[in-house]
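What follows is a pair of complexes built around subunit A, which joins subunit B in one and subunit C in the other.
Presenting the complex of A and B:
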């Protein structure tokens, strides 16, 4: 079996309308992939910056995967939330990044979005917060069902990932 | 070797801190390495404490120039070493930061973002006002990612680390880290 290591961090979030953000992440893999060690999902601390619009998490990611095929190459799926002063969390964005297939260190920007409500819903959201959330977050990965959604742009989450491949060349896999 | 182990040698410096540093304050920094279950320290110091650096001019960088020299061996890249910094300002917490060591051999400049916990209760913020800032019981939680859910943190600046990475027997074990030169 070929092995993949993903080592890195969820670095920071920028251009979100508010601070006090946290991020839930989840690694999505295909059926012939297996996690050997490391956590497949997690949640960052709530971050806030005195200095401007960029909040940093530096949240570590370290996953060891084994695979028997290329289908379902790992993707990282994130949900960004804002934690308000009353301790309520509001959805601020969904996003998805594909883990690079070329080994080495990469900086990835994940542009996030959130569901865009009707005029009335947006009015309520403006004054009370909250807003629409996906009932089935699987919609984020499915390219076939996305057309049902109406969305708006939110901020950017940046990742620093190092990808380490092992034994891929033994199977004649070509990359780079 | 030939028994499936590889070696990672890390050497470098904690160069400086870029933080809100008013003149008259003094700063120091503690570093610790955390690595996975298969990793073994074979040389150098896994933790260290810097000198106290005093700030003379408002807003200056806090220059530490603190050397790091450590060697590890392992059979699995899982649990690649992470450095965890705890920065103190006048004996109060100035911020924590963490970063993975680079996988690629060569010289690297790392910016380690620092942040510190903020009080979660009204009483806590009253204490914080009088100088009793909350701290983490165990800074390892930053590296292991357990138990940090919903801790509120604020960014306080960043630390610049220069590190040289040398690996041994890594490529021979079948690992590909991509082009060594960028």
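Presenting the complex of A and C:
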């Protein structure tokens, strides 16, 4: 049994078309993996910046995992939402990023996207806000179904993560 | 609230600084041996802020000891500055120049009675001793002789009242009743915050400690005038212990560097009474043992929980295999000509490599619509695969052939037309575990077709750029401690593998097997 600590923060979002963003996150792990302590999912506060185009969250992540196999290495799945002035939240992006497999501290960029609708849907979205959302976001994890999606590029969410590994060398694993 | 005369130079602050309650452990602290102070010291006598120290005491309070060190010194030269107010209590006294301090010290246990001169006179007469406590004092006096020191204690049950504390409470209540002053004092500018209400509720909900034991360390700093001892009793320290929460409070807190002092105006001049209070208790073996046991239990429990949750099985690859875990991420792309783009990839495995799930060797991303001037595309595509390498090949070929990954970028036009926008390839970083990021520049054949390329010069044109990231992890039994020989200084994976005794042993087994087979064949030939 080997252990992984993931400690860090969801740092900021950049290049999104609007500010007032918040982010839901969820740690995606394989069947071999178990959470020993820490929260596996969460949601950041709504944040906007008066200066520049980056939205800073600095939302802490601290998870302790144990595993009996390397398959299903943790990935962080995020959904970024925009909160408009009417208090409605619109989907601004999905993203999935693999947690680094080497110990140490890493800066990680997660490239997000959102479904790209038809001309009429985009027209409605432009004036009324909102937009398309995935009915079953699970299909992001299954690579087989993903290609049917049509999407557009949104912003980048950056993470600062420190990864600590324990006992992996006992199972003949080399990570750096 | 000031006591008699002008000598009380340290007015206790109204706001008591509450120290970190948890981190201090009075018995732990004592493990660092207290250094003996040299007899001659120079102090820059600065006014020490008096505050209460709170200490967690998991050990028996009976093991608690303090040591008080004190000295009475005459003041230095009178201050030449005429403007200085002599009676100013807050003014720090000048350090006594070159005075040889003769420190006296006294070790005081918890609720241990030390007698003053007058007390020992009083309690040595059995007629004065009525209550049980007084009788026990009498017995104690008979055993240890007369108390002489100027520092002594009042213990629980003697009826000594803590005037400072009592006055502080009334001060607090006074502030609550006169809210204007409380507001002024704390400079609360925010009107929304009802300060009165919260202060009152905090007082109302005050947890009243019920099992408090107190003891006081007192000094008699009087002087004898015409053979009559004029008593001047001063409270030096108040120690309180709450048995329920096992919290000890010390007011004023221990000091080991700077002494507290009291200014005395005696008939023969101004004097200073300097004193230190040190934590003199020693951690008992029993306590250390208990703590070790508790820690052991905690770690064992944590280990059990993990084992129960995960189990102890972590599958190892077969002895002759090297597993390469590849976590591939196709992050983003830019500068492709058409807006709706997707990427296909394919991993080509050369000889010696295989994969249990060949379907993971290829894949494709979603279609992404480009935005902004750079035609930026975000894929955020994650996939993982496990490549297996047969270690027997290593001894035959030396350096194994490297798998390559090929990317093909397609654009999806209107009317369902597909175009190849770009091609890129990269040898997989299988020899170096860790995290690798690549910006791959793509090219495209000018003929517009990607298939059927002859082995001749072909024209290509550079197109966009593809950003990918790979995490590589290796697993092999050859890396296990039992097979590694000596220090692990080899940088590259194949050197590591070659230096592993497992590979050698596999080779030997193979050689032995081949030899045996040859022998067997020869034997058969003869038959």
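Miscellaneous remarks
Simple rule for what comes next: the second predicted complex is superposed on the first by the 176 of 176 C-alpha atoms of A that agree within 3 Å, B and C clash if a C-alpha of one lies under 4 Å from a C-alpha of the other, contacts with A are read in each partner's own complex, and residues count from 1 in each chain.
The working rule: a contact is a pair of C-beta atoms (placed from the backbone, for glycine too) under 8 Å apart; a residue touches a chain by one contact, two chains touch by 3 or more.
These figures come from a predicted structure and were not determined experimentally.
Residue contacts after overlaying the shared chain place A:44 against subunit B, while subunit C stays out of touching range.
By the touch criterion defined above, A:107 reaches neither subunit B nor subunit C. In the overlay built on the shared chain, the residue A:118 is in contact with neither subunit B nor subunit C. Of the two partner chains placed by superposition, subunit B and subunit C are both touched by A:169. Within the superposed three-chain model, A:60 lies in touch with subunit B and out of touch with subunit C [touch as defined at top]. Judged by the touch definition given at the top, the superposed model places A:133 against neither subunit B nor subunit C.
In the overlay built on the shared chain, the residue A:97 is in contact with subunit C alone; subunit B does not reach it. Shared contact residues on subunit A (touching subunit B in one structure, subunit C in the other): 36, 102, 169-170, 176.
Residues of subunit A that touch subunit B in their complex: 5, 7-9, 11-12, 20, 22, 36-39, 42-51, 55-56, 58-60, 62-64, 83, 102-105, 162-170, 176.
Across the complex, subunit A is touched by residues 305-307, 309-317, 325, 327, 329, 331-332, 340, 342, 363-371, 376-384, 386, 433-435, 469, 471-481, 493, 496 of subunit C. Only residues 36, 76-80, 82, 97-100, 102-104, 112-113, 115, 118, 142-143, 145, 148-156, 173-179 of subunit B touch subunit A when the two sit together in their complex. Those residues of subunit A that touch subunit C in the shared complex are 1-3, 32, 34, 36, 66-73, 75, 94-98, 100-102, 106, 109-113, 116, 143, 146-154, 156, 169-176.
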